[in-house]
Each structure stands twice: as structure tokens, then as C-alpha cells.
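In the two complexes that follow, subunit A is the common piece, with subunit B as its partner first and subunit C second.
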Partner chain A sequence: MTTLTNRPADPAELVLEQHRAFRDELLAARLLLSTGIDGLYLRSDRFERIVRGIDAMVSRAGAGTAEETLHFPLLMPREVLERTNYPRSFPNLTGVVSGFSDPTADHAALVQAFDSDDRASWTNLLRPSDLALCSAACHPLYPTQQGTLPAEGRVVEVFGQCFRREPSIDPARMQSFRQHEFVYLGNAEGARAHRDAWIGRALELHGRLGLSVEAVNANDPFFGRTGRLLAASQLSNSLKIEVVAPIAAPSAPTAITSANLHLEHFGEEFGIHTATGQVAHTACVGFGVERIALALLRRHGLDLTGWDPQIRQELAL
Partner chain B sequence: MTTLTNRPADPAELVLEQHRAFRDELLAARLLLSTGIDGLYLRSDRFERIVRGIDAMVSRAGAGTAEETLHFPLLMPREVLERTNYPRSFPNLTGVVSGFSDPTADHAALVQAFDSDDRASWTNLLRPSDLALCSAACHPLYPTQQGTLPAEGRVVEVFGQCFRREPSIDPARMQSFRQHEFVYLGNAEGARAHRDAWIGRALELHGRLGLSVEAVNANDPFFGRTGRLLAASQLSNSLKIEVVAPIAAPSAPTAITSANLHLEHFGEEFGIHTATGQVAHTACVGFGVERIALALLRRHGLDLTGWDPQIRQELAL
Partner chain C sequence: MEREIRQILAAHGRLGVDVYSLDADADLYRNGMTSHASVNVMIGLEEAFDVEFPIEMLRRSTFESVASIETALNSLTATLAG
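Right after this comes the complex of A and B.
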């Protein structure tokens, strides 16, 4: 007997098809709404309720550890982007806000462009401003931490927003998304202890939500030839541990949480020192709340009312 | 007897001084944290708890009226910005995301710029993308509403995020902020009824929070000479009603909520029709949640624990 199937033989094509199929399901269920641009969605209240439940769980997991809890906008000073060296390492993902440098001078030209056959030509008048899209949830934190840390170091809880310019049909790869972080600033041992403790907490938390997760050694998608060396060094020094879960494509699990050692990278650039005068080490754990929500929707189904009552209770759904 | 005073005689200077003084107080109390850029702040958890309380009150005020509740990111397709005509009317406030059109080709030049004495020159390589900063909370909604509305029209609750490029030392004038909206789509009478009902609800809600508010006829800050005509027409047709409250400067109250008739502006451009085949009218009420939080902090003090227990209860503080 011959079985007819539409499944493509190429594994990469299969993954693409699974991404598209899951996105189509999410849009059909109106959990996310299309804006017409890949990776940019309007979010339903049902989706946001899952995110709020995850955020509350993450806060509970870190309760009592943070000196301060902060909420960041999607924008930050362009200077911070430059000081983190982000555009050099991730030019393809970088975003800067452009506007008119002199609206009065430019307005006539803008009106002319708008009224012409080539309306999009108005964007030729735009110039980069002093604002950038936030490249990683914790980046706006470091300039506020300049100076000397307390003897025991410091933990800050951050509700951050991030931008990555990487249009994708994978619904888990959004261009605008949130990360809920716990950032440590202090010495090298403290940084490692923070990171390792959070890997344990993250595995436990995701497990309680019924997700099949595993912690893997990982690297950031550094750009270009130099980038490959940076990625290799990050990997061989185990600086980045990702908690991955299957979302749309079972064969290609996605990072839903990551825990990172930054060594002295931010301490050096932003003048952060330990109580004993050393350049501070930093470490962070970041929960990708949209990705966790999507992993849950994939695992437990798009109808929230059908989820295991214990998981609904965890998330206050 | 001569009284020495530092108060400037010029009323505009006095207002500036009051803006600066209130901002300094907010930063000193760490309710907001400076990013070094006027109008862009990191927010404390205390500030966010006030915002969450306001959001919940606004949702309760509109409970049962909305067909759907949606949450928008700060970004939207640049095409939506163009279709609303926003850059023509508000070029000075407009923001577009720029990035690299060809990261591989640009990367060497970027690295060179980064390593040069003029690091900022890397931004010369940036080009406007297909993403814009959201110009008004309800703008991303309209493309999703194309087609025919139900007979009774439709109300959508929107948690929106907005960008306005207007750096200011007035803490109530943020470049990145949120608006909680109830948007009506339907016929002209329905739009007016929605708008008028919400002015009443808004006055009542703000009054319950102990704010001295009043509803005033207002206009948007349309740009340039043509803009003055648009503003005059908006005023004379009473299309925009603002609920204003004193925040930093008692003599210059700030709009904290606004209720607007858009006539057929969005219905026409985005192909939205009533059940009887007419071009839809739209109307919205937008609660400026950060501004309301600031008005409360100004009115009741920076120490939330000292607020009237009834107001704390309203806001679940």
C-alpha cells in the first residue's frame, strides 16, 4: 500500500512548514493577530493572561532576592547600544529610531513625496536619532549601576522589552518581545552561583508547567567571520546556557529561557565595581515570556479552558 | 520689607521650573529612573503598580462593552503610519525604525566607523525599514477591521503603546508611553454616543481618584501652516475633548485622558463599513495611564502608603 503525504523530505522545509502551520493556528484562533509583517503581532487578552501568569511565577521564583524591580520601555539611548558593542556583533538585528532632524525644513519635501507616485520616498528625509530599539532586556540597566556595589553584590529584577530585526514565519521568533530577567552584579563567584541557581529554578518552573525542557550549552548569533570566533569562545567557556523546549517544530526546540555570564563585559564599559574595587562581573537569567506562552499553547492546546487545572492555577488563569 | 525670591517672573519659565522640580522629585524618589534622555525613563515597580491599578479601573469602567481586548506592541508597519497620514500632520513627532539593508555589505564599514574617532558615523549606514513607532494607540487596530461591521457597531478595548518624538523636561511628556483605549467603530450617532458616554465615565473615574479634572475642547498639535487650519477645524467641530488635570504646573493643566471623533477618517482609508454599507465612523477614548499616575503622585504625594485608603483600594495598592 502506498501512503501519499505532503510532508517535504527536506528537514529544513519540514520545520518551515511546521512554523507556518502553528502560526496559522494561532492567527485562526485569534490568540495573535497579524500586522502583515512577519514577527510583529497584536496580542489577544487570552495570550496576555498567559504572559501575566508566567511573569508572576518568575517573580515568585525570585522573591526576596532583588533589591529593586524595574520596568523598561522598548527604547533606550542609542549611546547604550553603542557602548554594549551590539551593532558590531549583531548588525542584522539592530534597530535605531529615525526622525526628521529639521521638521520645518523637511516638511515641504515630505508633503511633496507624500503626494507623489513614490510615497515611500518621504523616508529619504529621515535621519537616525539619539534613540535605539532595546537590544537585550538588561542593557538599559547597566548605565544606572555605575559606581560601587554593596559587599554582597546586587540583584535587580527587570521587566524588559527587546527588539530583533529578524522577520520570520516562526511565531516564536518575534521582532518585538519581552524578557523577564533577574540580573546579578558583583564578583565572579556570585555571578556563577546566580546563573547556576537560576538554571535549576528555570528547569523546575518550566517542568511544573508541563513543558519538556532541557538545559543546553549555547551561543548568541554573532555576525560574520569574527562573530564565529566569538560564538565558539562563548560555547567553549559555557557562558550561555539555554533552556529549550519544542514549540512549533518538535525536531528544532527553541530557547525559552537563557542564563548568561557576561564576565566583565558590562562592568568594564559602564564603570561598575565591587566593594573591593574590582571590575564587576554580571550575569542574568532571562525568561522569554512570549516563547514560554507559545510553548504552553503548543503543549496544552489553544483552548486555555482545557488545560490541566493545576497548571491553570499556577498561572492564575 | 523686600521679599527675595527665585521664582521667575515669566510664566513660561515658571512652568519649566515646576516641570523640572517635579521631575527631580520623581527621580530622587526613584519612582522613575533617568536614561539621560528627556522623556525616556525606566519605571519603578511602585510606578507600575499605580499604572496597573488605573488599567484595571478603566477596564471595569468599560466592562461588557468590548467585543475584544487587544494588546499592541510599540511598533507597527510603516505602511499604517503612512495610511493614517501621520507624518504629514506630525512630522516632528514621527519615528521610523532604521536598520541595515544589507548587513553583510555594511558590516566592514560599520566596524571601521566603530573603530574610528567618529563612532556615531556608523549611523550613516542605516536605512529606514518597514517598521514604524506607533503614532497613536488605536492606529494598528484599523487595518484589522477592514470589512463590514455588525449592525450595532463594534467596541474594541486596546492596551496601546505610543511614541512621540518630543524630548521635554516635563515628566508628563514622555517619548514612549501607553494609552488604554476603548475604540468604537460604527455609525456617526454611535460614535458620538460612545465619545460622550466616555467623557462622563472618565470624569467620574478621575474624580473617584481625588483628581481635580475638567473636560475641555482641544486640538491635536498639527504641524505647520496647514496644520493650524486642521487644528482650528478640529476645535470648531468639537472633535477632541480632553480631560485635563494639574500635574507639575498648576497653571498649565495637562491632558490625562482624551475622547475623539475621527469622523470617516479611518473608515475611509481602511475600508471599514457599517452593516448598511456606509463608510464607518470611529471614535476613541484614550486614558494616558502614565499621566494619570503622575497626576496622582502630584496630588497625593510620592509616598503611596500615605494615600487615602479608599483610593489605595480603588487601585488595589
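Right after this comes the complex of A and C.
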């Protein structure tokens, strides 16, 4: 009875408590290891085996559709971040790499700051570099696609590492995470067909893994008052469909995969054109592989050896 | 007011057509205004008319035509006057 009386009445507080409880379970089982920073974890080999299994399933689901498969690092040119309009829409999530490479940099001042009582003050001597942390797996792809697309458009499979500055005790909200995407570039109809086909494939794939999922109309967390308008526009045009599953908090399912229409947003900025000379439309499906792994751990338990043999086989565990 | 709205649309709306010859009820989004451009229009309107759109007005429909923008601004200035 104690647990019942201690249960917070406030739903938001209950969700927070469930986030903390699931994170603590994951850490106790050493599936993830704490770094002391919310949302940044070291990952066990057991966790990575699940992720590899998911990646292989996603690749199989899109087999034969992609012209090429690319693997992106965590860093990208800062210029790409700027050209995607990300700083305007998501300034709070952005990360730019700072460095001490300026020829006029004062090393003595840096050492003095480093040795002072306020050790962190040495970072005040750093300056923003031309590098940014990758905001979404598909962003570094667009500069490589400048020019004219084939008549049927093009699909590229992308394995990307991403960063979002949003510390949280929710283990599903990582600051450093990966997205496995299939990106389409071509005309408007092709973009919609790609997006819609992938919603079906994603629901089927997650269902085979025993997850209770649903596809919902969603919006990105655009920043500030202007973000309200962007989010409302995105929602009213159904540009973003998320596949959600319960992870830490059953009452607040988490997006584990999302399928998005970008309209001409990237095509215009990056000079990508269809074979008929129109500005290209783009669309992507992104699988949040860590989140899917966490949804599986939540659904089937933290001991992988106890999972349903069919699911273990799907994931080659 | 309508002329000033059109000036702001010309400056920020990135429309594919001449905004001064558009019908007041014409759908601005259908005439090329992207959602990012509509944000700039919103900021431009707030500066020009010295108002702040409340959260419930930050919807696509508020900015969808010259007429809908005028209605929204009128309701804001009426609120201020009242």
C-alpha cells in the first residue's frame, strides 16, 4: 500500500517518476552507463546488439530502394546547420563546436583560467568553429544532392549520428543518438508515396517486434512564439507522422520513428531539381534506433535471453 | 490597414505573385508563401502594428489571406482599445 500512497497525484510528476524509474533500472542492469549528464550514456554491448538488429531489419525493409547507403559522422559543416534554417527554428537544440584555433588566441590566459578557482572559465577563451553537431541524420546529405535528379527521383539510405541539446531524465530523450533514415528526393507525388509507404513498413516492422505502436499526426518542437505558428502549419498539413510506442511512461508514448514531408524546404535551399526542372521535394523516414531498443527493453524486459525466440531471431540476438 | 498588410507581405511573404493584385481573400499559401515566410510576415505585422499575436492566433488560418490578417489585427486593436 505504501507505493500507492506515495504515487504522485500530478500526472506530469508521475511521468517524471516513471522516466527516472526506468532510467535507474537500465543503469542498474548496466545496459546503459551514466556519464553524470542527463541524456548522455555509455552503451553496453547488449544494448548495441539490439541496435544492430534493428538497423539490419530497417535495411531489409528498404532493400532495393536506395541508390546508395551512406554513413555520417556526428559533426557536419556549421554552414549546413545554417542553411537548413535550424538555428531559427530550434536554437535551443543546437550545438556548435568551439575551438582554440584562432592564431591570435592567448594560451597564457587560457592556462590561467584553467588553473583558477573557476576552472570552467577556460572555455570562455574558445571560439565557435566551422563545425556543428549534426541536427538530423539527413541534413548533411542535401549539399551532396545539388543538381538534377534522375527522372524517377532518388532514395538514399543514411546512418547518422545526431545531437539535440535537451537534457532530460527520460532515457528515451538522449542528447547523443542515432537515426537510420531512408530519404527520398524527387517530385511531390513521389515524396508523399515514399512517406506513406514507410509509415506502413514501420508499423509492420515494429509490430513484428511485439511493440504496441500507432501512427499519429505530430509536429516538431519549434522554438518560441514563432515556433507555435510553424508547429500549427506542420500539423494542419500533416507533414509529420510519428510512430509512437510506450517506453518509460505508458500514458505518454514516445516517438520511435517519424516519417516527414519537407516539401521544397531543402530542395530550394540546396539547389536540388527534378529531371523536369522543378525544385525537388524531399521526404524522409527516420528510425530512432536507441528509442526502439528502449521500447523493446521496456516491453520484453531487461534480460534479452528471456525474449520471445521469434523476436530474438528477427533481431539476430 | 490593408495597404500596409500588403506592403509587409511584399517584403516578407516571398509570394510567387504580385501581392498588390491579389484578391483580399486569396489563399497566400497557395500563392507561394511557405510556413517559414509566414513567420517573417507575423513578425513584420507585429512590428508595424505594435501588437503581439496571442498564442491562440498563431495558426495557419490567421495568416492565410489579406482579409484574415486584417480581421486578426482588427480584433487585436479592438482589444487594446477596450
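Here, the second predicted complex is superposed on the first by the 309 of 317 C-alpha atoms of A that agree within 3 Å, B and C clash if a C-alpha of one lies under 4 Å from a C-alpha of the other, contacts with A are read in each partner's own complex, and residues count from 1 in each chain.
Everything that follows uses one rule, which is that a contact is a pair of C-beta atoms (placed from the backbone, for glycine too) under 8 Å apart; a residue touches a chain by one contact, two chains touch by 3 or more.
These numbers were taken from a predicted model, which means no experiment stands behind them.
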Partner chain in contact with A:G147 - subunit B first, subunit C second, else both or neither: neither
Subunit B versus subunit C as contact partner of A:Q234, first or second or both or neither: second
Greater subunit A contact set [subunit C / subunit B]: B
First (subunit B), second (subunit C), both or neither touched by A:L110: first
Contacts of A:H71 with subunit B and subunit C, given as first, second, both or neither: first
First, second, both or neither for A:G36, with subunit B first and subunit C second: first
Contacts of A:E82 with subunit B and subunit C, given as first, second, both or neither: first
Subunit B/subunit C common contact set on subunit A: 85, 88
Subunit A-touching residues of subunit C, taken from the complex the two chains share: 34-36, 38-39, 42-43, 53, 55, 58-61, 63
Residues of subunit A defined as touching subunit C within the complex: 85, 88-89, 225-226, 228-230, 232-234, 236-237, 263-265
Subunit A-touching residues of subunit B, taken from the complex the two chains share: 30, 33-37, 40-45, 47-48, 68-80, 82, 85, 87-88, 91-92, 94-100, 103-104, 106-107, 110-111, 114, 119-120, 122-123, 126, 128-131, 133, 140-141, 143-144, 159, 161, 163, 165, 175-176, 223-224
